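Take a look at the structures below.
Next, two complexes with subunit A in common: one pairs it with subunit B, the other with subunit C.
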Partner chain A sequence: MTNESLTRDVPPNRDLIEERLVVWYFLASIAYLFISMFGGFVMAFQLIRHNPFNGIELLSPGRWRMIHTNAVAYGFIANAFLGNLHWIVPRLTLRPVLSRPLSYLIFGAWQIVVLSTAGGILLGEAQGLEWGETPVWIDPVAQLGLGLVAVNFMAPILKIKGPMYVTLWYFLAAFVWTFLTYAMGNFVPQYFVCGTSAGAVGGLFIHDLVGLFVTPLGWGSMYFFVPILLKKPIWSHGMSMVGFWGLAFFYPLQGIHHFLYTPIPMFLQYGAIVSTIAVEMVVLTVIVNFFGTLKGSSRALATNLPIRWFFTGMVFYAITCAQCALQTTLTFQALIHFTDWVVGHAHLVMFGVFGQWLLGIMTYLFPRLLKTEWASPKLCEWHFWLSAVGLFVMALDLTLAGLFQGWSWAALQPWDASVEISQPFWIVRIFAGIAMFTGQVLFCVNLWKTWQLSPLNVAAVFSGEPSGVSHRTV
Partner chain B sequence: MLESKAGIMLIAGLAFFGLAIAGLAFFGLAFVSNAVVPALMYQDLPELAVENLVNGNLRYQFEDLARRYPDSFEKAYGKPPEEVAAREKWFNQKTADTLRLGRKLYVGEACWHCHSQFVRPVSNEEQRWGPVSRSYEYQNELQRPVMFGTRRVGPDLSREGGRRSNDWQAVHLFKPTSLSEGSPMPQYPWFFDGSPDKPNARGLAVLTYIQWLGSWLESYPYYEQYQPAPLPAEVPNSKPNE
Partner chain C sequence: MQSNTSRSDWRFTVILAFTILLPCLYGFGGKFLEFIHIFRGNTDGMFAVTPIVNYLLASLGFFCMLAWATMRGMFHDIEAPKNTFWETEEWLDHRETETAR
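Entry: the complex of A and B
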């Protein structure tokens, strides 16, 4: 399964990749996913009025709702991507990252950032910015961490002579944009502007966080893994550049579409709407490019589990983006803004797209990191189906709930009516959540069993020599 | 120039440099159009400090807290001075400080994740909540960052001030279902010392913040059947907690 034959002159993995750190990042990522899911359940049970912790300050659903989103963005997704970058960047550039000690420092600093974010929110110190609730006193540390991440990974990339593969374009852009986005979103509305203009910046922040941090890292990883797994080049390199530059130009222009019908001037709202619809054309080119690559190899969907995770994520991506083009219009906004439609959309993006990709990447990389096949391919299948179907049911259910809520409000029904009609949807959502949760539990069980088969001993992964075992192929 | 390897490298370097600039320029363009332009447009609306947000309506509600929960109030703020001008100043300052704390709690407890603060010109919102939101309403310290919100599990709160009395709000925060059957809102017993008639400093702050919302409007309080709730002293033979 390795591409050793293709890369005969390539330095061995252990000189390039700090595999132990990749494992650490993935484990941290999974741990935060569980913390986040706990928050999701607290809120979900509160909504169906069966929260067993009601009235306990430190388990307040409001605070845990913020931990839910922050743990997903900065705990689950960011950690998984960092581990993933420690694998991809050295393999694509054939150079290690700038500094191993720095890599470990960043790992430690990032866990401190995420844990103190959760702790701060738990103690009621949240900042009033959606996805940016990180207490204000942590923001500078997080900013510094993002700066170091950029330096550490950009060093090997910038040494490349000649043309760069599209993955590296995406990564380079992501490092710079994430740094800028975090600074803009956390400092500008806190210290420089207030009111309506702060709302515009806040909208831009939520938007750029998905579009300029998560999306480029996600697509960059797909452009790396999909051709390797399918053993053929990407369908069209030209088209991959259209996707990249289209994203770079149109994506950041859309921030205000999160706050339509606010007092933000209408001409700016129209601008955001038009760019949103424009970017869907760009998205289409990327989707076509990947399905063009899959063409002729579609059996891989059945036989190759990581490929199935990736392409399922892409189908969800296509659905999300189609949804975007519709829901950004003023007609849709009047109905669905403020409703569970938006919550469904957010889950579809964060878990349906990026969650699927990252879990697929873990499914692919853990055997390589632990030097043994998955202990139970059957559990891997269960992990996939429970996650994908659970998520799909949840997104569909919340989307429908949003329509009913919107119609109830517009019809000037008493407020309670909109809560009552939501109950069946919120109950279905709990079951979808339980399915997704079960999937992740099975994943952990499988990982534990695999670990015990691994020739690496556990202690080596946590302390001893990095990658201390011989690199037999798996 | 293209004959030599160095020439190609130079061109590649320049192209890379140009594209890097383009990447930054796109980010910058978006920042200008989505952030700088609105900021410049509202330059003529000064940002008010909390002290300038204390108005008659809010002072009425704050003093109502002092009358309604005298023990809690004294425990949280001490005794107001006797002399009229000093008392006036004291109340204004306490109202402002309380409003700041109330806003911090409103953020920290994630109230803003289930209650929006803007009324849109669509979906009959004007009829349900009152006048459509306007920019000047947000040009103040308490809207930094702005509390627009993105989800409504519960109703919009930007016109909530004065709609319901302090004791209604207190009981509702203590246990929402006791007033609003079927409400999915969580309980906030940590705003109280054991019972809804004993709000602590945090409880008083949240109540003040809620009563501030919309208190700047002429249409305050925006409620068709508004009746001020009677104070305990005005109801003969009343017992607290009933």
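Entry: the complex of A and C
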């Protein structure tokens, strides 16, 4: 399109993007991050035998562990991605989403789903499915919500004529995958199959949730923001497309790697291992593409904080990749399955990769949304370092703990012995958690101060129309 | 029309496509054979029917999408979208700054 036709056909930015909703989603996301961290601490203190809420049923660590994981996945990560989508999709398609009122309805409905999930879990109503603990009576509402999200965002994407940018491929696929994955995981084992078959579907659900919801939205966002932050196009669009199709064909196969050495037939377990190794190659396309784009601009790592968040996430991704290559083999599984190694992997990838990217995106977008620079770049730096170092210590600590636990079991030591040797690691985890938590508190303080400087006052963002422009970033 | 894709880019993409898609085909073919074995009376494998059917359906959907995209010429000039995206982003930012003045 020429500049004239763009000017004629594309609605003004304020009609194109619902910036207020982006802010709302980001705020909701941060709020759930805090709720989740609270749950993480409750469980972490229980494990070092210092549960401060002993005997209080509503604060039982078992329930708060589920809140920890659910608030992370459906509260922190999903809300941040939804905010992201409201920014990215209209800019890439040059069309607003299908309907503004529908967008607000989805926002409200999604918060109700997440909050009632937490309420249901606290009241002991959790569904017996890992990562799908959402009580059964909320499942249909969540399913409907996901359907509406797909319709709202797919409408502008499907109007595009000609070749699409990789981000839109990922997003399109994610809308369909997430909807189907949620349906498969929450309804099939609950109502249609049982026993080992339900286990196999459960495995498929866990991994498809991370691989077909978090991963494509994360990669799509990365391919959108990194070129903007580095002020140049990505290194190879062709390679990113190879990654996309690789993900599409490999990922659904590998769910059973969560259930190696179970009664699920061995050929399925081997199939999952083969495809897991293939996914490693797919992840590699993303990592190579990022570093290819960064080549020649590495100074940006010192001067541009959002790109540094992406870089750190990418380094953690490479570490995860190496870790995964080991943990998916049967030899290694025998040692680390059921240990804290897996918990280390989960933190490394959920917070270390996707959490870091999302916080980087917020660091970049908040000044644009609030039309002013960050009040304190120093606090931004502290946010980054406390999060990155805290997470690194936590992941390293849990990985080591996992190895010691595995060796202790392999040596046929009594169970109690493995709990005893884990104590120092679990104590270190609390300190690492405190660092991550402090980082997020500083982020909020900075956000509050920035808001005070913003030409939009707090009330405007909750009711009025944001206006004015700023391109300043940290 | 001048292509945005250099020969070496193409070669690199094709090599990567094969390194990634061949193991994928291998995994897929293996799964499909196992599926047939199960139906030939391996009762042990009956466990696996649900996930395998799920996988086959999902992959079929993607296969159709790949065919559709190829036929619509989505991969003709495979590097073009990155430049188009880049230019429209610049234009959007520029317009935003102009409006603010």
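Here is the rule we go by: the second predicted complex is superposed on the first by the 453 of 474 C-alpha atoms of A that agree within 3 Å, B and C clash if a C-alpha of one lies under 4 Å from a C-alpha of the other, contacts with A are read in each partner's own complex, and residues count from 1 in each chain.
We adopt the following convention: a residue touches a chain if its C-beta (ideal position, glycine included) is under 8 Å from a C-beta of that chain, and two chains touch if they have at least 3 such contacts.
Model, not experiment: these values are computed from the prediction.
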Combined model on subunit A where subunit B meets subunit C, clash or fit: clash
Residues of subunit A touched by subunit B versus by subunit C: which partner has the larger set? B
Between subunit B (first) and subunit C (second), which, if any, makes contact with A:Ser236: first, second, both or neither? second
Taking the superposition as given, does A:Val282 touch the first partner, subunit B, the second, subunit C, both, or neither? second
Which partner does A:Met184 contact after superposing on A: first (subunit B), second (subunit C), both, neither? both
Contacts for A:Glu373 in the overlay, against subunit B (first) and subunit C (second): which applies, first, second, both or neither? neither
Return first, second, both or neither, reflecting whether A:Asp15 touches subunit B, subunit C, both chains, or no partner chain. neither
Is A:Pro252 touching the first partner subunit B, the second partner subunit C, both, or neither of them? both
Touched partner set for A:Gly271, first subunit B, second subunit C, both or neither: both
Which of subunit B and subunit C A:Gly62 touches, first, second, both or neither: first
Subunit A residues touched by both subunit B and subunit C? 162-163, 176, 180, 184, 188, 193, 195-197, 200-201, 203-204, 245, 248-249, 252-253, 255-256, 263-265, 268, 271
Which residues of subunit A touch subunit C once you look at their complex with the stated criterion? 1, 3, 6-7, 10, 12-13, 91-92, 94, 162-167, 176, 180, 184, 188, 193, 195-197, 200-201, 203-204, 227-228, 232-234, 236-239, 241-243, 245-246, 248-250, 252-253, 255-256, 263-265, 267-268, 271, 274-275, 277-278, 281-282, 285, 468-471
Which positions of subunit B touch subunit A when the two form their complex? 9, 12, 20, 22-24, 26-27, 29-31, 33-35, 37-39, 41-42, 45, 47, 105, 107-114, 116, 118, 120-125, 127-128, 133-135, 137-141, 143-155, 177, 180-184, 186-190
Of subunit C, residues touching subunit A in the complex: 5, 9-10, 12-13, 16-17, 19-21, 23-24, 26-28, 30-31, 34, 44-45, 47-52, 54-55, 58-59, 61-62, 65-66, 73-86, 88-89, 91-93, 95-97, 99-100
Help me check something: in the complex, which residues belonging to subunit A touch subunit B? 46-49, 51, 54-55, 57, 60-63, 65-66, 121, 124-130, 161-163, 172-173, 176-177, 180, 184, 188-190, 192-204, 208, 212, 245, 248-249, 252-253, 255-256, 258-259, 261-265, 268, 271-272, 333-335, 337-339, 342-343, 406, 409-412, 415-416, 419-420
